[in-house]
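Next come two complexes built around subunit A: one with subunit B, the other with subunit C.
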Partner chain A sequence: MIDLRISNCNKNYGSLRVLKDINLEIERGEFIVLLGPSGCGKSTLLHIVAGLDRLSAGAIEIGGRDVTDVEPKDRDIAMVFQSYALYPTMSVRSNMEFGLRMRGKPMSEIRPLVEEKARMLHIDHLLDRRPSQLSGGQRQRVAIGRALVRDPKVFLFDEPLSNLDAKLRASMRTEIKKLHQSLGTTAIYVTHDQLEAMTLATRMVVMKAGEIQQVGKPEEVYHRPVNLFVADFLGNPGMNFMKGHLRLEGGRVSADVGAATIPLDGYAFDTAPTDGQAVVVGLRPESVQPSTGGEPFALTLKPTLIEHTGSDNLVVLAMGGEEIVGKFPSDMLPTLGEPVTVGFDLSRLSVFDAQTERRI
Partner chain B sequence: MSAPTDAMPRPTRSGWLTPRRTKAILKRVVLYLLLAIVAFFFAGPLYILLSTSFKTMPEIQAGGLMSLPHEPTAQAWVTAWGEACIGITCGGLKGYFGNSMVMAVPAVLISVMIGAINGYALAKWPFPGARFVFAALVAGNFVPFQVVLAPVSVTLRTLGLFGSVEGLILIHVIYGIPITTMLFRNFFLSVPNDLIKAARIDGAGFFWIFFRIVLPLSPSVIVVALILQFTGIWNDFLFAVSFSNPSSAPMTVALNNLVNSNFGVKEYNVHMAATVIAAAPTLILYILLGRYFLRGMTAGAVKG
Partner chain C sequence: MRRFLQRHVSQVALSPSLALIAIFLYGFIAYTAAVSTTNSKAFPRFDTFVGLEQYWRLFHTPRWHVAFTNMFLFGGLFLLVTISLGLLIAILIDQRIRAESFFRSIVMYPMAMSFVVTGIIWQWLLNPTLGIEVMMHQLGFESFRLDWLTNPDTVIWALVVAAFWQGCGLVMALFLAGLRGIDEDIWKAAAVDGIPAWRVYVFIVIPMLAPVFLTVVVLLSLSIVRAFDLVVALTNGGPGVSSDLPSVFMFDMAFRRTNLGLSAASAVVMLGTVLAILIPYLYIETRERA
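Let's look at the complex of A and B:
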């Protein structure tokens, strides 16, 4: 069952096209993460779904009902803001009650509901405080609680964790995930943090310059990016890119990237490769590992720089005139300048056309 | 436990009055001197006003402007309030004080309320042409009152409000709207947009958000607007003298008529008492709300 349908959504500010023909269908219970660099239109799209911004063309349907011209309050949504947007002059309790009171629910129903959700979020001891007396994490809990009590059809999150410090962000992320698993409410979550996107999303939508680049399960988007932008945007450290040309010889395909020729026998091409086609071969750092001897493809390269991250060693290797990064286990510490043999996991390769930048 | 401070090395006597310290002390002295002069400049007239109002006429005529009253008497206050002759009636200022109150209180409340709603709409509910409306309102602040005297006079006559307190209220409300709107609009710009959005999603409309979310955030700017408007309207003389008649004249007109009367002896003690009475409401308002006023003037300068 489709909970939210965005059809041909366009948004222009004067001559500036912020959103270009966005189409998206969201099933009930999905956790959709909109991911992209700042200015890609992801927040605008969320605001349009909320009804806070009007779209220039297109339609929005929530729960099978066309809400394109419906006020935010009548769309059956709740939103959590990056700035928390708690009402500063009201207590936590009043903040959580506000939406229900606006809807004319009797206080006898509101009270137990607010208290139940407050307990769920471990903020029941804070109900009589003002937002200014709370820490950032507590404020964000209250903001989530305020959305929860409304029991909406769709939850909207606008970078809710960006104002928290790294540790708190990670624990809140886990809690949001748990919350979604237990409630099963459809959610749209905007972030520029790829870790949040990867961990929270049941499906993620990568956007750039007002256009959807790729929609898919996180692992699918991560391992099979449809173009160079998505490949480059996801992953930390970023994907290694090796420029070269395709070679077709006797029914076998390989990529000549200058310093090496990478066999592409096992690669599932989306489009038929042509001989001499200019390509970019991508391989994530974790697919470049110290050789154990059994790999079908290995190279001996010189390490030029080593970064310790604690859990891994990031090893920068000279490959022809270029450099690639390998993610080595922390107990594998090569010596600078002394060649090491690294194995390439060819099943994780991505090949892009150099001109169109699309996956082939 | 920390070591007793006596054990700490002290600066030697000779090192105490360094050139740097001398300079700092001199700066302080000059500062306090200047402050004292300024304080005297503003408080002096008030002192003369008050001391003279408690003197008898013979004492005033004997001279000694700066001296305290020898035999303090409140007679001048009683006369000014209830007996002094203003024009052809001799009922003191009390009627005019009432006129001023009846004029100023509604005019202040209405103009502040309209200004607040206007400012809220302009700052938080952008509509096509909002910038033009705001520019026009700002320009309204710079229209000199003298320019509009004739048109306002015609308008009030047409409306049948000429010479009435209601007419004065109307004019003061209209001429208060630009400044109050500007004040509130600029303050409301600092209210986060996310708050408005959250409230809209929660189901609150234009006025609910205004009264439940935005106004509770704004006591300081409300006080600033109240004080500015009350002071301006209470002290206004031009509109008052132009559009009132003897029965609706506010304090400022009555005070002028009393003090500038050309008949008989000039009763300075009565004049001084009358002046203090005329100035009292704005003074009291400022003393009561001044704290908020200062806070409001600097609000928004530093983000909370």
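Let's look at the complex of A and C:
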């Protein structure tokens, strides 16, 4: 069942097109993450879904009802903001109650509801405090609590964890995930943090310059990016790119990337390859591993730099005139300048047309 | 010597102004307090010590009572009118209106004028034979009457209106800055929560402006106690002494009635009034900072 439908959504500020023909259908219970660099329009899209921004053209449907011209309060949504946006002059309890009171719900119903949600978020002991007396993590819990008590059809999160420190962010991320699993409410979550996107999303939407680049499950977007932008935007360290040309010989396809020829026999082409086509071959660092001898394709390369991250060693290898990065286990420490044999996991290859930057 | 200078450069740089403040501010405050214990007439004479007699006399002078009561009456009305209308104008200007800076300038403009000019402008406007009343008569409203300046019971309103016209800009600017400082997300959260705008103002935004209110009240209160030139230019204390303020009383006693002792006593009482306003404010401010 479709809970939210965004059709042909456009947003212009004067001649500046912030959103271009966005189409998206979200099923009930999905956790959709909008991911993209700043200025890509992801927050604008969220604000439009919330009704805080008007769209220039297109339509928004929530729960099968056209809400394009409906006020935010009547859209059956709740929103959590990056700056928490708690009402500073009210206690935590009043913050959570206020929206319901405005809707004319009787206090006898509001009280137990607020207390139940507060227990759920472990903030029941803070109910009588002011937001200024809380830590950042606690404030964000209150903001989430304020959204929860409304029991909306769709939750909207606008970079809710960006103001928290790294450790707190990780634990809040886990909690939001648990919360979604237990409630099963549809959610849209905006972030520029790819780790948040990968871990939280049931489906993620990668955006750039007001356009959707790719929609899919996190692992699908990660392993089968549709274009160079998505391939490059996801992953840390980023994907290795090798420029080259395709060669078709006797029914076999391979990519000539200068220093080596990579066989593409097992690669599932989306479009038919042509001989001499300029391509970019992409391979993630974790698919470049020290050789165990059994790989179908291995190269002997010279390490030029090693970065220790604790869990792995990132090894920069010279390959022709270019450099590629391999993610080695932490107990595998090559010596600088001494060639090592690395195996390439060719099942994880991505090949892009150099001109259109699309996956082929 | 060099090392001394290097270490104490800030104190050395400040010392001339500190010395000036010590002499011309605190020195003369002390001097005034000393004069208030004498029976000085046209010139200060310390051989006529009378203790607190001038204060006793001050509080038995009917004109002082008029002036002192007027200060609270004028002050209360002025605070109420200026704060409520200043806040209202700030809220209206904050609605992302067109030509915002134009309206801002209009409201701020009177602030650039001295109280004397303000007083004279309003004296003309309120003059029954020159100003608004004549204009209304010419427009056909023959029964229109605006005799604030000549009626002892309403003359205080003339002061309030002129002072508001002058002070509104500052109050509006302070409130507008406060309103602009409020996180946009609060408004968005309120919109999603379905809270009507006036309720957001009453329950959330205006309480958030509490520090601005404090600043505004203190600034306006000080200008109330100091108010002098406006009264002199607009009403000169009249009709009779009905629009007298303590500062006018003080000036009159010192320079026209040659009663320096009584004048000094009234100055000390005014200082006490100012301190009564300032000390709680400074206390709250420093406690919040700590």
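To be clear about the criterion, the second predicted complex is superposed on the first by the 360 of 360 C-alpha atoms of A that agree within 3 Å, B and C clash if a C-alpha of one lies under 4 Å from a C-alpha of the other, contacts with A are read in each partner's own complex, and residues count from 1 in each chain.
Following the convention adopted for this analysis, a contact is a pair of C-beta atoms (placed from the backbone, for glycine too) under 8 Å apart; a residue touches a chain by one contact, two chains touch by 3 or more.
What you are looking at is a predicted structure, and each value in this text was computed from that prediction instead of being measured.
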{"item": "Combined model on subunit A: subunit C and subunit B, fit or clash", "value": "clash"}
{"item": "Partner chain(s) touched by A:81 [first = subunit B, second = subunit C, both, neither]", "value": "both"}
{"item": "First, second, both or neither for A:99, with subunit B first and subunit C second", "value": "both"}
{"item": "First (subunit B), second (subunit C), both or neither touched by A:89", "value": "both"}
{"item": "Shared subunit A contacts, counted only where both subunit B and subunit C touch the same residue", "value": "47, 50-52, 71-73, 77-79, 81-89, 98-99, 102-103, 146, 150"}
{"item": "Contact set on subunit C toward subunit A in their complex", "value": "183, 185-186, 188-196, 199, 203-204, 207-208"}
{"item": "Residues of subunit A that touch subunit C when the two form their complex", "value": "47, 50-52, 71-74, 77-79, 81-90, 98-99, 102-103, 146, 150"}
{"item": "Subunit A contact footprint on subunit B (complex, rising order)", "value": "192, 194-195, 197-204, 208, 212-213, 216-217"}
{"item": "Of subunit A, residues touching subunit B in the complex", "value": "47, 50-52, 71-73, 77-79, 81-89, 98-99, 102-103, 146, 150"}
